[in-house]
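The data blocks that follow each hold one structure.
Next, two complexes with chain A in common: one pairs it with chain B, the other with chain C.
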Partner chain A sequence: MTPARLNHIIAWSLLVFLVAPALIAIPVSLTTENYLSLPWDGISLQYYREVFNSPEWMSSFLQSTVIGLTSAALATVVGTLAAVGLWRLSSRWGEVVRGLLLLPLVIPPIIAAMAFYRLFVPLGLIDSYLGLILAHAVLAAPLVLITVGASLAGFDRRLEQASRNLGASSAQTLWRVILPSIRPGVISGAVFAFIASWDEIVVTLFLSKFTVYTLPRRMWNGIRENTDPAVAAAAVILLGVTFAAFLIWGIAQRRAAKPQSKST
Partner chain B sequence: MGADPASGGLMLRGLVKRYGAVEAVAGIDLEIRRGEFLTLLGPSGSGKTTLLMMIAGFQDATEGEILLDGQPITATPAEKRNFGMVFQGYALFPHMTVRDNIGYALSVRHRPKPEIAARVAEMLELVQLQGMDDRLPAQLSGGQQQRVALARALVFSPPVLLLDEPLGALDRKLRIEVQEQLKDLHRRVGTTFVYVTHDQEEALSMSDRVVIMRAGRIEQVGTPEDLYTRPRTEFAASFLGKSNFIDRDGRRFSIRPERIDLLPLGAGRSRGRVLSLSYFGPLLKYRIETPDHGVLEVDVDAWRGGVALAAGAEVGLDWTDEAAMPLEK
Partner chain C sequence: MTRTQRLNPAWFLVAPLLALVAVMFAGPLVNILWLSFTDPEPGIANYAALIEKASLQKLLWTTLRVCLITTVLSVVLGYSIAYAMANVAESSRQRMMLFILISFWISVLVRTFSWIMLLGRNGLLNNGLIELGLISEPIAFVRNELGVLIGMVHYMIPYAVLPILAAMQGIDGRVLQASRNLGASPAQTFWRVYLPLTKPGVIAGALLVFILSLGFYVTPAILGGGKVLMVAEYISVQVLITLKWGTAAMLAVLMLGSVLGLLYVLSRFMKLSAALGGGRT
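Here is the complex of A and B:
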């Protein structure tokens, strides 16, 4: 066996090792048994039917979507504005601030969850949409800061100067010159922010009780309380949405990478 | 079409720009006359671009003030100064068509759409880019991009147009063509042009006046002819054109290579031996070693010179008294 071939084998085994646990949900969701198992005795879509016909599952699906989209939108606006502001400053203090803003990425989720809990109890934000949206937006904003910051690093400062020189206000410059140039970074940030909220469980466990019950939260309970294969079906739906979000991101990146010229 | 003929006179008073301990601009006093084509010429690091950025409003002055038609504008932000600018590399908005690039200044001022369309058409004609409205900058050649940048900067009839090495990205042949277009454009729009370059040829061929800059200071100001025929310092003489330097009676003089005549040995006020010669089409350039003045460069009209002298030949050298320009210490 050549070393190259060996490398291939090792690489593929690693990949399978990393991805397989996530994908195991797919066969399990198709089982005919009434407990979590591989579908040895035939395939059935009954658990998908169960999930789609269950008002609880559908409600969780909807809640996760609403919370994911809203918190992603919020994180995108805040993260983008912060990135542009730090880029404009481009000072040493700005870099210190950037470091602070990135902290939520470094802090263990369980500690962030406790902090949110302590803060939200007196504010009455526990078990509310607003509370979860705010918390998820805070956790996701650094992701947007990173992707938009990367886009801005490649942005020609003279374009901003040109816009100002031509009489545009800061807001006009941001909207008409800067944002169109950093769109790929903004879209990436929004997608990552959505995914971060979509599969978030730790903070959600602390902040939700009855009113708010996201998809990961219901799966968590489903696995703890029984071994209903409907959880596997829900997991596949969750994975599918995440995958779709990555697809959107990939398409946005390819669009951005393509040169803007058509042939003349 | 043109700018307001009553506007566009700039006055710079005691301008200083300091970065920490470094003085990029070290005290500039300069009057830029309404409607003139003024060039800031200097090597890199001479402060010419910093000075332009201060006039544009992108750099704050550490000291001193800038006046437009007598009114101080030192504290006015760039977007309120109403100066057009052509950037190095043009800085066209890559996601906008030629039409939207040119119309940008009017559109951010909320001018009515028909007015913008009419103005853009006018500008496209001015820079001869009719029919290119819908192209993106990436679909244009370097020369075309440069013209879009000009049209974009002139569309709102600014009193002053600032140009930061606008020909740097073009190849030599195109540069000469564009120099003529720029000069012609300046005549037609009547706007004050402040032009930054390190290229002496551009400075000589286009400007009404040239400011030679060195280490953040003005070395000499004058018409191209003034500067070429009467350089005041060694730096000015060697930066604008070529020059020989000779010392006599404790003073230093500059003599342009074309002002030295080659004569048979024994004639003229000096003598020397040909070190090398190169053929430049219209000119023969000699390097001649003299006992009194070191190596001198001498340009001879190739068509006049008859037989070219070979390296090693002994010759006499002569020049008139007014050819030797005394320099300041």
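Here is the complex of A and C:
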């Protein structure tokens, strides 16, 4: 066997290693036993029933959904506006500001958590929906800035000028000319922002106490040596939503790629 | 057109996000920097503790050691994946990329939980081995440094793959051809031509993994089981439990300073927007 062939096999084993262990929650959640085990003696949906019948899990599920959707909406609006603004500016100062706005992406989550905590204690925003939504939105907005910025890079500036020359206002041009052409970037950004919030745990650990208890937060508490398989069922639900978002993203990308065969 | 100091109206579009980032990051971060020099009392006592306190030195050494081992392993394994991806047909490459993307998208909490299920004391692997009679006592895979390393490398490999792959795809195949024609063996060509050409990608991947590892919280906290204390977990304990803001702020300043410094170095090897985008763009 040639070294290249051998490496090909090693690479595929590594790729399987990257994905397979993370999916172990799927079989475990179907077990018939009352401890973490593989469903050797048949499968059971009892743990899904337990999760769906538990007011705590359902409340967390709902909270994560509300916080994810709201923070994604906020991040998408401010992120898209900022991306268009920076694109219109195309100046040196604009690029400096872009660097600044991407900073939340590189700051370790633990430091962001500390910063928000510091800010929110005096404002009384600890353990509030508003606090967590703002925190998740500001963490996700740079993702929107990147995806929309990439879409704008492929947008013909003359279209904007044409719209303005034909008498459209700046806002009309943004809404009716620019936005439709950068839609794939906006959708990607919105999906990433939602998942960023849906998965988020570190900042949430600092900002939530009793009232606000997202799905990852409840899972965090449930992860112990002798974990209830219900946590595995919750993990599968969490992954399922992420996967659905991934599909939406894939479809949006494919659609965008069709007319101009260009992707981000 | 006269040149006036009038603000370009496009700034109004940037303003909401700029205000949000300024209020939520810039302000509190300056406050944290301030705290590191003033809490509990003014001076550099918090920083001096780094030299004086053995516990803090152990903390920094553990963090550095874990991050370095993670980086080396992720880059080596990532190189193997990238090499295979760079040398297969487009359709195969896309299939492999799908695996990388999926792994990017799986929540870090779920991955960490999966390792507990698989490798824990009563985990699937230990139970299986005991049932097969191969071992009598469960093996401690997690709740120690080994567990932290498994979890972190598993998370970081994709971040190493992308910059290395980009470097490999930029190599002109004729260079390798030339090396072969001049009589070099395939091994020589790899070690003396191919590997040096991919160096910028390797360095960028290593820096990226190291930067991300420095601030990693979830995996070390769960898979370390409290025994492998790293800076991020230590900060959270100081802030949420012992309320020692001064020490926490000092460590945060240290961590952020290192991250920004390394990012600057990274920016000389690759376009930062490409690195920051990670796999999610």
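Criterion: the second predicted complex is superposed on the first by the 248 of 264 C-alpha atoms of A that agree within 3 Å, B and C clash if a C-alpha of one lies under 4 Å from a C-alpha of the other, contacts with A are read in each partner's own complex, and residues count from 1 in each chain.
One rule holds in what follows: a residue touches a chain if its C-beta (ideal position, glycine included) is under 8 Å from a C-beta of that chain, and two chains touch if they have at least 3 such contacts.
Quick caveat: nothing in here was measured; it's all calculated off a predicted structure.
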Touching partner for A:V51 - first (chain B), second (chain C), both, neither: neither
Dominant toucher of chain A (residue count), chain B or chain C: C
Which of chain B and chain C A:G167 touches, first, second, both or neither: first
Partner chain(s) touched by A:A252 [first = chain B, second = chain C, both, neither]: neither
First (chain B), second (chain C), both or neither touched by A:I182: neither
Partner chain(s) touched by A:I237 [first = chain B, second = chain C, both, neither]: neither
Which of chain B and chain C A:L159 touches, first, second, both or neither: first
Doubly contacted residues of chain A, that is, touched by chain B and again by chain C: 264
Residues of chain B touching chain A in the complex: 56-58, 77-85, 87-89, 91-95, 104-105, 108-109, 135-136, 138-139, 152-153, 156
Chain B partner contacts - residues on chain A that touch it in the complex: 156, 158-159, 161-169, 172, 176-177, 180-181, 259-262, 264
Contacting residues of chain A [partner chain C, same complex]: 3-4, 7-8, 10-12, 14-19, 21-25, 28, 35-38, 77-79, 81-82, 84-86, 88-89, 91, 94, 97, 100-119, 134-135, 137-138, 141-143, 145-147, 150, 170, 188, 192, 195, 198-199, 201-202, 205-206, 216, 219-220, 223, 225-227, 231-232, 235, 238-239, 242-243, 246, 264
Touching residues on chain C, where the partner in the complex is chain A: 8-18, 20-21, 23-25, 27-29, 31-32, 77, 80-81, 83-85, 87-88, 96, 99-100, 102-103, 105-118, 120-124, 127, 154, 157-158, 186-187, 211, 214-218, 222, 232, 235-236, 239-240, 248-249, 252, 255-256, 259-260, 263, 272-273, 276-277, 280-281
